[in-house]
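Both complexes shown next keep chain A, but they swap its partner, so chain B is in the first and chain C is in the second.
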Partner chain A sequence: MTFLQILLGIYEGFGITAIVTVLGLLYAIPFALLAGILQHFSTGAARWVVTATIEFWRSSPVIVLLYAFYYSLPAFGINLSAISVGAMVLGLNIGGYGSQSVRAALQTLNRGQREAGLALGLSRIEVLRFVELPQAIAAMTPTFINQAIQLIKGTSLVSLLTLTDMTFRAKEIAQLSYNPVGVYSGLLVAYLIICYPVTIFGRRLERSAAKGRGASHEF
Partner chain B sequence: MTSNPTDEQAGMGSIQTVRGGTAVSIENVSKWYGNFQVLRDVNLHVATGERIVVCGPSGSGKSTLIRCVNQLEKHQRGRIVVNGTELRPGTKGLPAIRREVGMVFQQFNLFPHLNVIDNCTLALVRARKLARNAAEAVAMENLTRVRIPEQAKKFPAQLSGGQQQRVAIARALCMKPKIMLFDEPTSALDPEMIKEVLDVMTRLADEGMTMICVTHEMGFAREVADRVIFMDGGEIVEQANPAEFFSNPVQVRTRQFLSQLLH
Partner chain C sequence: MSFDFAFALKIVPRVLEGIGNTLVVAILSFMGASALGFLWEIARRSNRHVRPVMQFVVDAIRSTPVLAQLYFLFYVLPYYGVVLPALVVGVFGLSFYYSGYLSEVFKAGIDLVPRGQGEAAQSLGLSRIHTVIFVIAPQMLRNVAAPLGAYSVSILKATPYLAVLAVPEMLGSAFDVASETYRYAEPMFVAGILFLCLALIAVTLVNWLERYLGVTTPPH
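Moving on to the complex of A and B:
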């Protein structure tokens, strides 16, 4: 097998990798925003609950979460597809990290921003939505892009749930071709080809954010 | 409020050119931060159309006092009535009350992610539910009023301090407030920019705006104020019209403050 054939073989798993990534982001982004905002605003017992939820998803080993949800939920009568479990676990894990960036970005905002919004007669929610979040999101976008890359790389773990993603394909090919060195270097290159453009995109965003604007005022 | 028959007048029109009515009543107001009493039984009645200058040493409670008027700070004792509505803990409709009270901050506090015109239209569109076109017309009108219409598409970071503060004034005026609060609006400015901001404030005063200005610009106080308030240690120590205040201060603390201010 030539290196190109290996790569093409691996990319037969691209669909699954992409689907798990996109679905994962659909879990990660709302969870990061919601958990980050709630942690920023809540106090007392409510804050403890939010923090515990975040820490559960963030601090547990992803592979343990994958196995736990994939193999033990059916025992409770909940049957989720491997893709659903993979996307949820990876997404909420990355979202847990993301929530900390959201909270930090909200905390570092000058309190004058909030006061100016309130003084204009905006409600607290409107201030959050139109004044604080757009600035916080612009500030955390580079971090978030990095976390999205972590998510792409993390999807390789769903091969353990027997999903035919890129990593799973590499394992198949390696068994057939008896060329683990070629196949696994091919796998490295395959992930690099996907992740590098995202990194470049993130850097460009970072630069436009550094110009001090660039965020839309609609959230 | 029932006790004041002229309060109704204060609720009419955007800017009152006729004096009369009470815009702000502050009665026996006290406030603490923990054990530290920052306001001590403050009484102040501001008539509609009146221009008040508040001065006093740093830490004397000036900012806290005017921030109680739009409830950015909550008072713990006493009564504050603004445009006929008493502000209590848990007062309903605080945003609606705040829309009638413009505030200008020492640090401008423009929204850096929005250009000048969007800074001005944000609350019109989101809180007053104005259509964008109508809001932009109001914004341009007020940017013209502060003589900066040509900067409408710029972002705050691209403007000088004086320009930013004028935008902040325009942004507040867009809500057609009945009262304007200024908290040391020129203290963060380079000397050459102070005048452009004071000129805008003076014109606003000439138009009949009710104003409470915390400032140490004594030229402005002499020219514009109806009354100068001197605060120290959370109390109003002395108040008088500017002529009397500057030529004949009664209290020792006022004299000391003024002599320090004039070097």
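Moving on to the complex of A and C:
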């Protein structure tokens, strides 16, 4: 097999990689926004519950979460497909990280923004919707891009749940012909082609954002 | 098959047998990733021809999944006659993957050291290596301590990836129990709980260390 054939063979798994990424984002973005906003506003017991939920999703190793949910949920009578479990676990894990960027972005906003909004007669919700969130989202976009890359790379884990994604295809091809150098460098190149442009885009955004603020170090 | 809590409780010690390897892998990988990451960053700054090359290397490391990098090392090294224990391959893999992220941390840390420090050292006649080791690196440490602490927890959380290379760390022990008893639900659940506890302990320790060293707020 030529390198090009290997690469095309690996890209036969692109569909699953893409589906899990998109479904994962559908979990990650709402969870990040909701949990970040709730953590920012809630107090007392409610805040404790929100924080515990976030910490559960972002403090557990994602590969362990994946196995735990995949194998343990059926024992509690919940049967989900491998794609559903993969997208949910990967998405909520990244969303947990994202919620911290949302909260941090909301917290670093100047208090005057809120006070000015309230003084203009906007309700608290309207201030959040029209004044605080637009600025917070702009501030966290570079971090968000980095987290999206983490999600794309994380989808390689669904190969362990025997879904035929790009990583799984590479393992299949490796069994057909003994050419580990070709197959596994092909796998690295396949992901590089997808993620490298996004990495460069994120770096550019980060640089332009850093001009106005301090650069962020978290991923 | 329903969930058997008594069985889950009974296998906790079996799964915990892997904790030694988990910690060893985490510590070695953290040291390896720091050393490599610092090397990338110093190389990136060494001259203007190396700079774009190193920039690409670091971006490429960050643009491929750690699982794919681990498979690559695990299957390609033996092809060239390099046969290493899976644990060593795993430590190399995690060190390599996280070196891409840590080089960015070192970059930010070095950027925060005032330029005059390096220039003063050079004008005093220090060689470039001595300037890096005795002048830049010590001042950089304070800037990188907090993000390094965060990444040490990330690396700890990445150690279960080594289970796919059959390294007997905690997730690996859980798989051993599963294949012996033909029950997957309880071992995976127990592994999940134990890793969560371990990560939370690590976060607490890192936070405590940061406060002790007075580096909680990364300077901007």
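In the analysis below, the second predicted complex is superposed on the first by the 200 of 219 C-alpha atoms of A that agree within 3 Å, B and C clash if a C-alpha of one lies under 4 Å from a C-alpha of the other, contacts with A are read in each partner's own complex, and residues count from 1 in each chain.
We take it that contacts are C-beta pairs under 8 Å (C-beta built on N, C-alpha and C of every residue); 3 or more make two chains touch, one makes a residue touch a chain.
Note that the structure is a prediction, hence the values are computed from the model and not measured.
Asks: Give one word, clash or fit, describing how chain B and chain C relate on chain A after superposing.
Replies: In the arrangement built by aligning on chain A, the partners chain C and chain B fit side by side.
Asks: Under the superposition described above, what is the C-alpha centre angle at chain A formed with chain B and chain C, rounded in steps of 10 degrees?
Replies: An angle of 110 degrees, rounded.
Asks: Contacts for A:Leu109 in the overlay, against chain B (first) and chain C (second): which applies, first, second, both or neither?
Replies: neither
Asks: For A:Ala170, using the defined touch cut-off, is the partner it touches chain B, chain C, both, or neither? Pick first, second, both or neither.
Replies: So A:Ala170 only meets chain C here.
Asks: After superposing on the shared chain, does chain C or chain B touch more chain A residues?
Replies: C
Asks: Which holds for A:Ala138: it touches chain B only (first), chain C only (second), both, or neither?
Replies: It touches chain B, and chain C stays clear.
Asks: Of the partners chain B and chain C, which touch A:Glu55 in the superposed model: first, second, both, neither?
Replies: A:Glu55 contacts chain C only, not chain B.
Asks: Could you say whether A:Met1 touches chain B, chain C, both of them, or neither, answering first, second, both or neither?
Replies: neither
Asks: Let me test your reading of the model: by the given contact rule, A:Phe130 touches which partner, first (chain B), second (chain C), both or neither?
Replies: first
Asks: Who does A:Leu26 touch here: chain B (first), chain C (second), both, or neither?
Replies: In the superposed model, A:Leu26 contacts neither chain B nor chain C.
Asks: Scan A:Leu122 for contacts with chain B and chain C and give back first, second, both or neither.
Replies: In the superposition, A:Leu122 touches chain B alone.
Asks: Just checking: does A:Leu65 make contact with chain B only, chain C only, both, or neither of them? Give me first, second, both or neither.
Replies: After superposing on A, A:Leu65 lies in contact with chain C but is clear of chain B.
Asks: Between chain B and chain C, what minimal C-alpha to C-alpha distance in angstrom results from the superposition?
Replies: Distance of closest C-alpha approach: 22 Å.
Asks: Intersection of chain A residues contacting chain B with those contacting chain C?
Replies: After superposing on chain A, chain A residues 215, 217 contact both chain B and chain C.
Asks: If we count contacts the way the header does, which residues on chain A are in touch with chain B in the complex?
Replies: The contact residues of chain A facing chain B are 110, 112-113, 115-123, 126, 130-131, 134-135, 138, 212-213, 215, 217.
Asks: Given the complex with chain A, which residues does chain C contribute to the contact?
Replies: Within the complex, chain C contacts chain A at residues 1-3, 59-60, 62-69, 71-72, 75-76, 78-79, 101, 104-105, 108, 147, 150, 157-161, 163-164, 171, 178, 184-186, 188-189, 191-192, 195-196, 199-200, 203, 218, 220.
Asks: Can you list the chain B residues touching chain A in their complex?
Replies: Interface residues on chain B, with respect to chain A: 70, 72, 95-99, 101-103, 105, 107, 109-115, 118, 122-123, 126-128, 155, 157, 168, 171-172, 175.
Asks: For the complex, give me every residue of chain A touching chain C.
Replies: 55-56, 59-65, 67-68, 70-72, 74-77, 149, 153-154, 156-157, 159-160, 167, 170-171, 174, 180-181, 183-185, 187-188, 191-192, 195-196, 198-200, 203, 214-215, 217-219
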